[in-house]
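Across the two complexes that follow, chain A remains constant while its partner is chain B and subsequently chain C.
Showing the complex of A and B:
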């Protein structure tokens, strides 16, 4: 009986969270006139909204830009944050604690505060209207260092020492011994970074003006707000749905690790 | 030719390790391990023995002093270039690799040809009876098997020096005895220099050709197992080695019709042979040390040097340990189990004068004994 109640509760929660997304998916195939009725069963199905989106914005180019940026950012974050995390967790050097505090401190600074100095820097380097300007400022982040450091701390010292005796340098220890033992944490950092980079709208809008270097969220935002959709709800939803799809797919693929990592962080034997 | 060139001793000269927080882990340690020798570092936990091993391994750097392997000063040589292998207390096997990969890893990094790696890994697996486990991962192995893999990983490297850090302390008693014999056999067969850390005196006595006894970061004595057992350099060594430990009785020396030891409280009186002890002063405060096997029940009244009440009897089969309360102190005697007295019984004990030790009460140093 208690079980039933639990399932009922979970069911209500599921509907609550899933409904908007499901409705959005269906609405993108619903004729414009029926969308405000919030129906889940339109009188007929249409691809008209998608046709308009693909006509008005370079979806494939935006998708490619977004993918390149998000993958480059994720890869470099994984490499660089794990290097920093390894040095903080497993190497002994003067000033280690201070450096760690400084890294934690950067978490307290809202990104908006950095917007202008960062922009000036990117302009000076001539990286506006290029993917470099979108990638380089995000190649490292404090959250990743924090998560990976905690994970690396659980790896026994003797294991690292054994690798040193076997002939490993520190970089090789990191990538051949520590990485394989930290997959859940790496997936977590990777996913968080990928999603963050994928969804970023503000920074691309500031740095990129040429359509050929725009990312998909930027194109979608400009399309929805900038009048490309001619005030129609359907095309806006279709564009947004296209944007969300890769993230949902990535999450479904990695969710096993994602949950594992959050469930066990801190008490991994 | 290659074999002899690779066997090499280890030499530490005035080595210190002082941590950033000022803690002195190793204090002015000097000793030499001869080529092919099995040397044991023995001491209680926190005595600096593991730190010493890590200094030799290159996992820690010495604050002062020099460390040589062969003719080479290795103070600034990273671990991977020291040509040594180490077996860790908790095995430290790579969890994500199979047994085979664990053993092959160090060789792969050294770019040893694949066929040679395979030959060495299989040879080591045969010696250690691991052949059927080569495809397993560490978590699928028992403690003893893991320990053997850890030893195998060291063997395949064919290093100049083997370092062992309490390798048997995580095994149960029976396995420990087996592995002890196996390690001794391996050393005989390979003939390599071994530096072995343990806090277990039985391991030290059975495995070591020589023992370095350490306490609080300092060398207490270096010698063969029998030397440290029979001629302890100071009270620490005397008390640390031997089970049950040596009996200590505080007292002073007096000259009254010859040299005489008088225990505190007067319950113990012992005539000494003055010729045996050339360097003692009358009135000197000393500690008398005598091992349980040198204490026996006195059968003739004249031989008795102390009397007391039996407090506990531990029967170990052939022998029994009697804990006899004498005044403030408890003296342990090892007796034949068939003639053991009952609990609370009054007994008289005698002491084998040839097997007593005298330690200066202040410094703890052993007083030299004239050898006839």
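Showing the complex of A and C:
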């Protein structure tokens, strides 16, 4: 009896968290007039909403832009942040502790303080309306340094010394010895960076005004706010559903990594 | 002599290691100085100027700050963030603790439930906001339709100035709570069994065990929830941007949305920088106070 109650409560939670997504998915194929109805399934299925979305916003272009930005940022964060984290964890040099404190300090500064000056910098560099403006400011990441440094610290020093004896350079040690031993941390940093970049919308809205350089979240947000959807619910929900789809699919396959990564960043914060 | 040679060699190895250290950290530091250091310093320049990006900057001293002291919208944004946080933080803690406690019992399919609750965390805020725009709609929204089907009155979720910000707080809780369920669950699973056994020996009942063992042991997670939620509250942007545009009657104007409006609708870059600075100070003070009052030292 108690077990039943437990599963009942968990089931209510399940409905609460998952049902809105299911409802949204179905609504995108429902004729506009029927969307507000409480009935689960529509009287007929329609692709009308998707047709309008693809007609009004360059979905594929937005997807491509988002993908290029997120991949470039993630690759750069993994490489450069690893280098910094390795130098902080495994090498001895004067000023190391100072640099580490400086990186911790950058974590304490709220982004809203930097928002306007960073924007003016991007304007001066001539990077508005380009993917550079979306990529370069986020090529490094302090949280990434923390997570990777923590992981690199656990790698035995003997291993690194042995590689040095064999004449390995530090970069080679980092990428051929340290990286394979730090896969979980790299996955965490990579995933967090990718999702963060993919979901970012404030910065693109500020920096990009030309449709051809807009990322998908930005296109979808402007589609919902502007008149693109002609005040119809269906197309807005369809656009949102398209935006959610890649991440939700990835999540269904790799949810354990997702949860692990977000939990790690939560504990760091 | 050999002694000396090895010493010399070791010194050289050290030197090489130090050089490598600088080389490896250099790209990071270069990026940090351009995209963090420079904007940080420039923020302090900008906030004493009037600037619309097109014409040259004009030094105005403390004018931006005097203006800010008399700017109702600045205080309105602070009040809105306060309203958001007073609803969001307790709601988040209660809901997260509730589900974490449920999931911490012996049961089948824990991973499945956990994954389902966590899903909104990874999905873009844009998606969640568009979804809730429909759920919260007054006439056609799913929630009001359900309420009416159950014989209730429709609630003006986003239309009423008194309810708009609480509605956004509920939405934000729904989006984020999965993360805190996971963190609380991890916290619960790390509480050593013997603490409960000891409490039981001392004659503590279930409620007392929860209050005196579980709650204090979860304090670090509690601090995380409070601090992250606070930072999140101050950086609300896309939610009011899509749902309400800051309305009705500025009831959902958030800090970032106000900075955005000042900078990009009115081209007041200097004033927007001053706003950013003052909001940042407020965040610091609030987080400091929260740490002071929420953080206990049971752990140290």
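The criterion applied here is as follows: the second predicted complex is superposed on the first by the 236 of 269 C-alpha atoms of A that agree within 3 Å, B and C clash if a C-alpha of one lies under 4 Å from a C-alpha of the other, contacts with A are read in each partner's own complex, and residues count from 1 in each chain.
To be clear about the criterion, contacts are C-beta pairs under 8 Å (C-beta built on N, C-alpha and C of every residue); 3 or more make two chains touch, one makes a residue touch a chain.
The shown structure was predicted, so the numbers you read here are calculated from the model rather than taken from an experiment.
Novice: In the superposed arrangement, which partner chain does A:17 touch: chain B (first), chain C (second), both, or neither?
Specialist: In the superposition, A:17 contacts chain C only.
Novice: Who does A:4 touch here: chain B (first), chain C (second), both, or neither?
Specialist: neither
Novice: Which partner chains sit in contact with A:165 here, chain B, chain C, both or neither? Use first/second/both/neither.
Specialist: It touches chain B, and chain C stays clear.
Novice: Would you sort A:180 into first (chain B), second (chain C), both or neither based on which partner it touches?
Specialist: The answer is first: A:180 touches chain B but not chain C.
Novice: Of the two partners chain B and chain C, which one touches more residues belonging to chain A?
Specialist: It is C that touches the greater number of chain A residues.
Novice: Between chain B and chain C, whom does A:41 touch in the aligned arrangement: first, second, both, or neither?
Specialist: In the superposed model, A:41 contacts neither chain B nor chain C.
Novice: Could you look at A:206 and tell me whether it touches chain B, chain C, both or neither (first, second, both, neither)?
Specialist: second
Novice: Between chain B and chain C, which residues of chain A are contacted by each of them?
Specialist: Shared contact residues on chain A (touching chain B in one complex, chain C in the other): 169.
Novice: Give every residue of chain C touching chain A within the complex, in rising order.
Specialist: Answer in residue numbers: 14, 17-25, 27-29, 31-32, 34-36, 38-40, 42-43, 46, 53, 99, 102-103, 105, 107, 111, 113-127, 129-131, 133-135, 137, 139-142, 145-146, 149, 174, 178-180, 182-183, 186, 224, 227-228, 231, 234-235, 237-238, 241-242, 245, 255-256, 259-260, 263-264, 269, 272-273, 276-277, 279-280, 283.
Novice: Which residues of chain B touch chain A in the complex?
Specialist: 54, 57-59, 78-80, 84-86, 88-90, 92-96, 105-106, 109-110, 153, 157
Novice: Chain B touches which residues of chain A in the complex?
Specialist: Residue positions touching the partner: 156, 158-159, 161-169, 172, 177, 180-181.
Novice: Show which residues of chain A lie in contact with chain C when the two form their complex.
Specialist: Within the complex, chain A contacts chain C at residues 3, 6-7, 9-10, 13-14, 16-18, 20-21, 23-24, 27, 35-38, 80-81, 83-84, 86-88, 91-94, 96, 99, 102-103, 106, 109-121, 123, 136-137, 139-140, 145, 169-171, 174, 195, 198-199, 201-202, 205-206, 217, 220-221, 224-225, 233, 236-237, 239-241, 243-244, 247-248, 251, 255-256, 258-259, 262-263, 266-267, 269.
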